[in-house]
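What follows is a single structure, and I will ask about it in a moment.
Note that the chains take the letters A, B, C and D in the order they are written out, and that residue 1 is the start of every chain.
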């Protein structure tokens, strides 16, 4: 039984934790061991495809529930992402973290977190799910504070959010168990529709809010940007790329695994305003508000983490659209997002590795110094902005299409507005890092070592290949949809069936590349060009001398910011402050009960006696 | 076969022997008390198989109950005895190095008497005998709280003493009422005939009894002595007081309520009061700057949780409460013990002065970390399973009230996680506080060296930590024992008046 | 309700009165020693309540002497033994409390509980 | 404010608790002791063998309580010792005005009687009102008078500790003898009962009561003495 890939993968990740504890002080060994283990896990993961549908029951019985795992198509889809992204992160870290301080526990927590995520994804009962969910969130917490010092405070914020969300899930699971008497997904799903309506609504609400926190849905997203941005950049990519999406996994499981569309639509307010629609509205807000917040970030990592929140909104819109195309788009977007955001962050990490900063106000003109990083970032932002021929376009197209066919014009418009904001802000990203003038202090820097380039190349290939040929991934998604009893998306190798809409990425790509070629030819045929140095500037009719650095990267979009500033109300930040001071005030008032005066304490005892006897006397 | 009365007599005899030894050789007293506890613990374990078959009744003075006094050792009593003995065995090991002043001979004696009181309370089958052992327990804790003889410990002790005495006064009144009504003192006998009492009398006895023991069991609002006493006592004693003394009082209270005063209204009152104590404890702990006071308030919270689970009155909830008692005994003892040496090393009680301490006390820091996670309920530590089962049991009891209370319990958990994480992050900060840099160990090494507590003190702490992590593997047998204890308790449940 | 006015009921009412007086002292007085005295008064009340629980109508002391035949009703010996225990315990607590108060007074030079508030919140 | 709250609470106490208790405490007393009391009275001659049934309850039937009770006393004594410095370092505090001649002489004259009377009360505990507790207190009063009159009775601290420890061990030892007796239980009556009502009777009871007497005397004397010692040498 333990030879099954599932068991082996779980065992390997536990073994990774143990090995890393043993090798705590030997960093180079830790690196090699971690790389080998994760490589083995990816290999196993590929084998996993053959075992879809199988279940694994561990002989560990907790509260009458044997811990059980199952390989569903959805699980396969997620584990594929988890293992591949972890392997890439480890490869990238081999070089980028070598010799850095505070990295002793890096791989340890990485393994713990991976174990948690794999377990959550494989879990076939709510108990296992919750147990590993908790493990996963604590793993996230430890990863977040890897850099120590400044990362502690945002990590603490995350813990408060995460524990609150766990507790909501906990209550939801307890209610489900109290009603159905079982933890097993299958039995719960069977019994779910027979629950009393009020209880079902409560459970769905509790669990939706719980998962929404983990997937950073507006307005519960405030923990994310700071905490992700203040850790190592390679971890930012890992956390941003896959960790946040575990919340989406939970939502998929809840919506399709337990509730189902028919039930979800039963909770109707007025006409079309049902539970799905309300979640979708929050999804739309999740797209718009964080995306426009990202616009004004002056730190590359923070900018991308804000987009991480925003892109989650697309997934939610897709998944809750109740349309085969939309659901496929939502699920596909998870994969796409993971590839390009990791690519972007790896590129930023490459720049940071050489320059030591990710501050957008201080960088610029690195295109010739770090061309690979530039290419990586270029591919990534094309994906992020949803422009063909990269994969981001495909999934976004699915979602737009679904929203329009299902008759949600406002949601579709907000998704498009979000894309607009994305394009604006990614332009800032690539411009401020790679275009414009090179800062003199970065004159001597070189491209990053090969081990750091490798993941960037791999991801570039992935972003492009899945953009042109989305078929293989879509086939997986179709399987997922069928496994939940939904209509599978009509896919082809390069797009969708013409019956469902017209999308052939091969054609689009050909046109796109043809256009580029054409432009290049025109360019070649055109007037002879003069080569200009990066420092040769022209400003308001003046030719600036090369010795005068003219940094127009500084405070990019300031004018734009003036337009948006009055709209920023910082409601969430203020709410957070209010809640935390409410807790403090509550603590302060409550502890004043203990006045320190003995006579008062004696009176409490007397009062308790009188109240107890009164209470008992009146009630019996 | 071991006569279970030996569990009480051996420590008691050792107390008198220690008093004798103290005259000439006070340094041997700690070892003697450790040996006595070890022997008693071993004996308690040998009783286990027999007790699981059937409860043992020990007749005293050759007269059968209800005429004389009897001890009744069922699974419940033995489980609590084991918790008491194992915890105190480890704490007494810690005390070898921790208590080093010239009065350590007296400390060992009082320490043993604290154990005698607790053991007597859980084993006796006679209500007045319960009162006597309760007094032994209380008085030895009053004295031990004052052990350091400084301003704070004396103040805490006198407050504890006066409030505790009001509690024991009420307990005595309750016993007088019961004796007047039924003419017997044996708990089983009272339980069999409690229906003969007029309802009003039974209510009065219930109220006096609940409040009387409630003072020691730290039920809100009778727990006002607790933060003072637990924070002013030596850390080893705080570990004992928090680790099992409150819980013993609580379980005895519930046991008596189950067998004599099973009013549904009383159960509800206790459940609500438990949740209120939990919230007050956690919120107040959130605002503490003094580490021991914070831990003490956290104990109020944890006791509230245990009380809530116990007073739900279902078998699953009671079993969960027992698991939580075990978890709290291990985790809170470890926390207090660890903080004891942190206080010695830095000379400060302020959490702010512990910044970066985990880098100089790595083992202590790690144990603190584990214990905190177990208290908050993070898998795969023991605390997760106990908290999980409490919530499961509370929600599946099916009433809306219980579900609402569970929601509040979970709110308390969030607050608990918030303040504990704050402390943990303080411990692991990179820039150490002045007090930490200035700290020196007994060997007086330099600023970069480890200031870890001595090995004799770290071993028991590590044992607690090991239990919290590895205890999950024992979960089956622990649950088995807890199950038997639940059966024992529910066998006493007489009747639930509407 | 007609209350039969026997020694038994008088003692019971009296003990209840002592209890109330003792508690009132604890609540209203601020001097620690006075509070301990209040506790003792209440304790006496509880003790009388307890010993009175063994009251037997026209009973004698439960001691067999030649003067008392076995036909004579004797009061219940158990509460008398209990009350002995209770008195001794009360003595122990009082002694300990006074010792604590002496020590505390040497440090704080006050006995006013509203001023001894070094530990609060 | 405090007065008002106190008044309300006490009124509530009187009203609620009083009305709850009225049903049992304001009725007339029974004609006979209830089951436990009657059984003990009936078995006074054959089982315990003490003429004073209260004593047989204290020492035998509820001897375990009494063991706890002397433990409480021991606790109080050692608590006081712990608070007032360390054994061996204590010094008698000299008052400003020493006791006068009459007091001192009177005290000296009285000591033997205190001890004699105490001894008498202790050994007649099973026959008449009295026993280990009152007798021990009387003996301790002798020491107390010695303290008051300023006459240092030259007994080192160690002796009190020795007495109380040996007495404690003796109590438990006597109880353990019962484990090997016929009944096979702690504190069981194992010795021959003797002639009911005479000095040599009641088996184990006088022995235990004697041990208790020694213990109470030693503990009370020690405890009272502590209040009279200075604690200048104390640390912390």
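Please note the rule applied: contacts are C-beta pairs under 8 Å (C-beta built on N, C-alpha and C of every residue); 3 or more make two chains touch, one makes a residue touch a chain.
Every value quoted in this text rests on a predicted model; they were computed, and no experiment measured them.
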Exercise. Does A-C or C-D have the larger number of C-beta pairs in contact?
Worked result: C-D
For this session: Between subunit A and subunit C, tell me the centre distance in angstrom, where each centre is the average of that chain's C-alpha atoms.
Result: 69
Problem set entry | Length of the line joining the C-alpha centres of subunit C and subunit D, rounded to whole Å | 16
Seminar exercise, completed: Taking each chain's mean CA coordinate, subunit B and subunit D are separated, in whole Å, by 31
Problem set entry | Distance from the mean Cα position of subunit D to that of subunit A, given in whole angstrom | 74
Seminar exercise, completed: Residue ranges of subunit B touching at least 2 other chains are 128, 132, 135, 139, 142-143, 146, 149-150, 158-159, 162, 166, 180, 183, 185, 200, 203-204, 207, 227-228, 284, 287
Problem set entry | Junction residues of subunit A, two or more chains touched | 591, 594, 596, 598-599, 602-603, 606-607, 609, 613, 617
For this session: Any chance you could list the residues of subunit C touching two or more other chains?
Result: 23, 26-28, 32, 35, 49, 54, 76, 78, 82, 85, 89, 92-93, 96, 100, 103, 116, 118-119, 121
For this session: Could you draw the chains as nodes, link the ones that touch, and say if you get a line, ring, star, complete or other?
Result: complete
Exercise. In the complex formed with subunit C, which residues of subunit D make contact?
Worked result: 2-3, 6, 9-10, 13-14, 18, 21-22, 25-34, 36-37, 40-41, 44-45, 51-54, 56-58, 61-62, 65-66, 68-70, 72-73, 75-77, 79-80, 83-84, 127-129, 133, 196-197, 223, 226-227
Exercise. If you look only at subunit D, which of its residues touch subunit B in the complex?
Worked result: 17, 19-25, 33-37, 39-40, 47, 60-65, 67-69, 71-72, 74-76, 78-79, 81-83, 86-87, 158, 161-162, 164-166, 168-169, 172, 175-176, 178-179, 181-189, 234-236
For this session: Name, in rising order, each residue of subunit B that touches subunit D in their complex.
Result: 3, 5, 9, 12-13, 15-17, 19-20, 22-23, 58-63, 66-69, 101-103, 106, 109-110, 113, 116, 120, 128-129, 132-133, 135-136, 139-140, 142-143, 146-150, 177, 180-185, 197-198, 200-201, 203-204, 207
Exercise. Which residues of subunit C touch subunit D in the complex?
Worked result: 1, 3-4, 6, 8-9, 12-13, 16, 20, 23-24, 27-28, 49, 54-57, 59, 61-66, 73-78, 80-82, 84-85, 88-89, 91-93, 95-96, 98-100, 102-103
Exercise. In the complex formed with subunit C, which residues of subunit A make contact?
Worked result: 591-592, 594-599, 602-603, 606
